[in-house]
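Two complexes are shown next, each including subunit A; its partner changes from subunit B in the first to subunit C in the second.
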Partner chain A sequence: MSVLSLRTYNPVVKVLAPVPAMIVSIGSRDLWTPALFGAVALVMLLVSGGLRGRTLLAVLFGPVLLVAVMTVSFGVWTDPARVDHTIALATLGPFTLWSGALEIGLATGLRVASVVLLALLAGLTTDGPDLVRSMISHLRMPYRIGYAGFAAIRFVPRFRSDLEIIRLAHRVRGVDGGRGPLATGRRYSGYAVPLLAGAIRHGDRVSLAMEARGFGAHRTRTERRHVPLRARDAVLATWLLALCYLVPHLSGAL
Partner chain B sequence: MRMRALLHLDGVSVRHEIHDDLGDAAWGPPRPRNVTASLTAGEVVLLLGPSGCGKSTLTLTVNGLIPQVIGSHLDGTVTVGAHDTCAHDTDALDTRGLDTRDTPVPRLAAEVAMVFQDPDAQIVTATVLDEVCFGPENLLLPAAEVLERAEEALRRVGLWERRHDDPAVLSGGGRQRLAIACALALRTPLLVLDEPTANLDPAGVEEVFRTLREVTAGRDRAVLLVEHNLDAAIDLVDRVIVLDAAGRVVLDGPARRTLAEHAGKLVELGVWLPAAASAALRLRAAGITLDPLPLTPAELATALDAITELPALRQREATPASQQREATPASQQREATPAPQRRGAGPAPRRRGARSAPERTAIGVRGLSVTRGSARVLADVDLDIGAGEFVAVVGPNGAGKTTLAQALAGVITTRRGAVTVDGLDPVTADPRMLAERVGFVFQNPEHQFITSRVEDELGYGLRVRKLPDDRVAARVGDLLDRLGLRELRTVHPFLLSGGQKRRLSVGAALVTRPHVLVLDEPTFGQDAERAAELLALLDGLHSDGTTVVVVSHDMTLVAEHATRVVVLGAGRVIGDGTPDEIYADADLLAAADLRPPPLARAARALVNHPGWHGLTRLADLPALAPAP
Partner chain C sequence: MKRLTTRFLMACAAIGAATGVLLLPANFASFAISAAVPLAYAAMVGVWLIGPVVALAVLRRPGAALLTMLIAGIINIPTPAGPSAIVTNLMVGVAMELGFLVTRYRIWRPWLFYVTALVFEVVYAASAYAYFNIDDMAAAGKTFFFALMAVSAVGFTWLGLLIAGRVTATGVARGIAPGTRPVAPPPAPVES
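Right after this comes the complex of A and B.
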């Protein structure tokens, strides 16, 4: 397994090590800090993420789009009193577009995009079950909690299809409280009882089946797949922590 | 050497907590009641009894889920694992076994493995291999042994090649085989299966029983099986234990002899016999005695062939519905389209030439196509259903049966003009108008419950139509009596039993007196008794002139009740005819992954009585008195 692939790194390290960088990026007041963090995360993803197809396109263009949308919308919505000392770029009737407003939008967009990209370092290169395994062995999380999480994830598609059928069933019986948020709210509260009754029963059955297969017999379980914690993980963590020092200094110099 | 019991039940009674009208808790009557029995290695034991006698409850005591997890009251003792693990030192070993009352459930997992009814509710992990490893991992076995056990178990059920798949992509039968593999991987001396095929289609049932036959062939463990489908189970089991309605053991003995000698008593108890035995009992009443009582289709055929002369089959009574059928285009279509051309991916069968319009068409479908995402669920379906028909829609999983039924009742919207129900287009019609023409019953009754009282639930369809209260009350009262729910009219629908919920859901669809009733898998997951109850209700509606359309996997239901069978395959109609015609078409059955009901299989195996080849249902058998 290549050292160059982010997939070979420990999931817990990938999730936790970028957190300080995210905090520094959110707390920054300039444009360069979040831009540099975002750029570093993007390069890491492109070089070591092994991304393909739609995911690759989304990673390449998603942040750009996000920054653009936030720049424009902040440019329009920022309180003019805060930015009217900056340059007026354009005037349209009573509305004036201030350069300061655009700058606030750009900074906010960059901060959000950098946090998203840093989170994607783990998000796009980690397998859910591996993260849980790693949390059990490296964070000493009780395995019951981890496996409850697994079971819960398997509920989601079932929930979705149940909800769809219940919606159809109620509609065909003539449940139609009319339009508007109030009626919709009432309609959905009508779905809650059958949905929950089904979910509770299903949950009970799953837990009986798990106990019948020895779940909880011992304080630990055999882990067939050991998620390693290696030197490369220390390197990754050091690099991400070092960025918290390097990036603000570098951007201060720019 | 002394045979040791792997499971010993001693005076076992279980009482569940019940709540009376005021919400006070009390212990209900014991079900099962005072059961004493032992299972030794190599035995495959079938537990039989009418529904509600406590069969499933008894299986839950075997691995301690009762009373440890489910807080029911257990009397008597259940002991497992008194097997000799060390043959040369048996006397020194502690052979008392483990009391399931106080040995923790997860510890008992090394002694007893369970397979439950619902395959979906037993899956925890994301791949087939992880799933099978889950149990041995819980027992803290070394990783190498976990893998070795998993491989052996998966190979035994034929899923080793699919070990990297997500269990969700397996068929129902495949998932239940996976559940069996998970049980095998625990390498327990005792295996307990609680209705493992109740939620499966016919292909899945066959798949699971094939696997069970292989698993039990070595007779190297004790197996306790609860199963209603005796036709599938009979050649698998060595011994039966029969409980009566009060939960007491009434019979315990070798399977074949017990069933054959006590068939009459079993029927009295409300236990369902294999179809061959039911047929033989009926023939006995008509003066044809088959001895010994046949238990499988092959035995029935052999026994009948041994008789030199058989009376003719009964002619079907010409009900108004079946007379109308003669006028419907479906019969022309069958003449026009020879069997071999009805299958495959070719265009849907078209009717040839000009045809006279049927007396009254209840449902007309023209060029109905439904796509979901990029998948084509229904492709250019044409179908006419005459008023008063009882139509069964059958076919393999994913053939589009439910989608077709939903389109007929306007549950899903389709292209305008594709469907006409009783003169209305479900797409454009006012939903409340439509509900007066067609009622739809969902597979899970709970999904369609809206109110919190049984009587409100029945009256709902009328109240949304703003009918005056006295008319609503009269109609609801009428239905409460008809469905046998009067005593329960103020109960919350979710607190009813399975059979009562099903009846209520049908009642709620009937309240507007629709001319057409469409039901999606109405007997799915229900035991034979509940299913029979529902079918009696449907037969009553049908004879009153209601058009009934049922989506079903239950081939006996189809044979005994439907006047017409529509076979779907990959979104197209690949067969359409009476049950006799469909069951006579072996190629069609194979293409649609269907199995004829046991009676039809026996009839087709007859050599000496060609006149009986068309036999598909009990009602066709000769009888002295007309069938009730």
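Right after this comes the complex of A and C.
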């Protein structure tokens, strides 16, 4: 597989290496730092993410929409006393929208979008089981915990159908709290207990089946599929760490 | 490692997966709502606490919250939060464990759940402070933001404890929590 594809990189590196960049971006207050981080992550995703179809559209337009919505929503909440020296854009009764408030909202929106994009570097290019395998071999996580994670991934579709059955059973018996968000919440907490009880019971059965096959008898376990940790992962980690230094300096010059 | 029986691990996996399935719509909704109405985000923060609270209250073992949140994070990989959800989840799990760790896992009373949840919320609020730039909000908004966070932490902890109590009453977790092991039958009298 090509060096250019993010899918060939180590999952643990992809999850952990962007974290310092996220922290630098969260800690910034200007417009350029988060914008540059977000742009770099977006370019990396577009060039080497191998995205197509709906995901590609969501990555292209999602952040723009997010920034636009947050610019207004956080701008409205900004303390007017801080920004009343800037230009008043609109007045609606007692409320005035200042351009400075929008700028603060824009900075917040860019910060959130940059963190989301940095998280998506791993999120859109990683296969769940591969991440667990890599955590077992490279982070020294005990394999029994990792295999509990594998089992949990297989639990999800089962529990989803369980939830559907419980929902239908409640409906057949006429357990209906009415409409509206409060009633929905109450209805959901009614599903929680049977679902959890069934889930724990299923977990019991699976654990018996696993132990019957000798799971956990040995200290180590051989993996059929090996997730490599290569030189390209070191390059990716260095690049993302270097961004933490480069981006604030570059944005200071802009 | 010896105390991590497969049954305990699978119970954590089951709680992690089940709360994940229940909260998946809430996760998407909270992401969408929090972008539009920042204050709603504060109200949704407590949702994260349901999983670890249920796990700790039902299983009553060290590491229950941590394992449940790790597994819930592994399940969340295909969501928009991505694998970074694991990092966030582990943070919540560690925070919920801390309160029980300092009391050496001897106290399982409801007040400890509430205190731990509130302490976590204070720490979390500090990070949200920088993330959402709350410093620039109007004073009323600021106060409201933190009050909402505290209310949501307490409210969702209450909900978690309520669910946990009912799950315990079903008896499915019997034998996992130490001290609730069924009493062994007395040894059969020796036949003479």
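One rule holds in what follows: the second predicted complex is superposed on the first by the 237 of 254 C-alpha atoms of A that agree within 3 Å, B and C clash if a C-alpha of one lies under 4 Å from a C-alpha of the other, contacts with A are read in each partner's own complex, and residues count from 1 in each chain.
Throughout what follows, contacts are C-beta pairs under 8 Å (C-beta built on N, C-alpha and C of every residue); 3 or more make two chains touch, one makes a residue touch a chain.
What you see is a predicted model, and the numbers here were worked out from it, not measured in a lab.
**Student:** After superposition on the shared chain, which partner residues are touched by A:F215: those of subunit B (first), subunit C (second), both, or neither?
**Tutor:** both
**Student:** With both structures superposed, pick whichever of subunit B and subunit C touches the larger number of subunit A residues.
**Tutor:** Between subunit B and subunit C, the winner on subunit A residue contacts is C.
**Student:** Is A:H202 touching anything from subunit B or subunit C once the two structures are fitted on A? First, second, both or neither.
**Tutor:** Once the two structures are laid over each other on A, A:H202 reaches both partners.
**Student:** So, A:P63: does it touch subunit B (first), subunit C (second), both, or neither?
**Tutor:** Touch status of A:P63: no partner.
**Student:** Is A:V193 contacted by the first partner subunit B, the second partner subunit C, both or neither?
**Tutor:** Touch status of A:V193: both partners.
**Student:** Taking the superposition as given, does A:G38 touch the first partner, subunit B, the second, subunit C, both, or neither?
**Tutor:** Neither: A:G38 stays clear of subunit B and subunit C.
**Student:** Could you look at A:I165 and tell me whether it touches subunit B, subunit C, both or neither (first, second, both, neither)?
**Tutor:** It touches subunit B, and subunit C stays clear.
**Student:** Between subunit B and subunit C, whom does A:G49 touch in the aligned arrangement: first, second, both, or neither?
**Tutor:** Neither partner.
**Student:** Is A:E223 in contact with subunit B, with subunit C, with both, or with neither (first, second, both, neither)?
**Tutor:** First partner only, subunit B.
**Student:** Between subunit B (first) and subunit C (second), which does A:G174 come into contact with in this model arrangement: first, second, both, or neither?
**Tutor:** After superposition on chain A, A:G174 lies in contact with subunit B alone.
**Student:** Do subunit B and subunit C touch any of the same residues on subunit A, and if so, which?
**Tutor:** In subunit A, positions 151, 193, 197, 202, 206, 208, 210-211, 215-216 sit in both the subunit B and subunit C interfaces.
**Student:** Going by the contact rule at the top, pick out the subunit C residues touching subunit A in the complex.
**Tutor:** Touch residues, subunit C against subunit A: 1, 4-7, 9-22, 35-39, 54, 58, 67, 70-71, 74-75, 77-84, 86-87, 127, 130-133, 136-139, 141, 159, 162-163, 166-167, 170, 172-173.
**Student:** Looking at the complex, which residues from subunit A come into contact with subunit B?
**Tutor:** Against subunit B, the touching part of subunit A is residues 129, 147, 150-151, 154, 157-158, 162, 165-166, 168-176, 190, 193-194, 197-198, 202, 205-206, 208-218, 220-224.
**Student:** Mind pulling up the subunit A residues that touch subunit C in the complex?
**Tutor:** 11, 14-16, 18-19, 22, 26-27, 29, 66, 69-70, 73-74, 77-82, 104, 107-108, 111-112, 115-116, 119-120, 122-124, 126, 128, 131-132, 142, 144-145, 148-149, 151-153, 155-156, 159-160, 163, 188-189, 191-193, 195-197, 199-204, 206-208, 210-211, 215-216
**Student:** Please name which positions on subunit B make contact with subunit A in the complex.
**Tutor:** Per the stated touch rule, the residues are 63, 65, 69-70, 104-107, 109-110, 112-114, 116, 118, 120-126, 130, 133-143, 146-147, 168, 182, 186, 406, 409-412, 431-432, 435, 440, 442, 444, 446-450, 460-461, 464-465, 494, 508.
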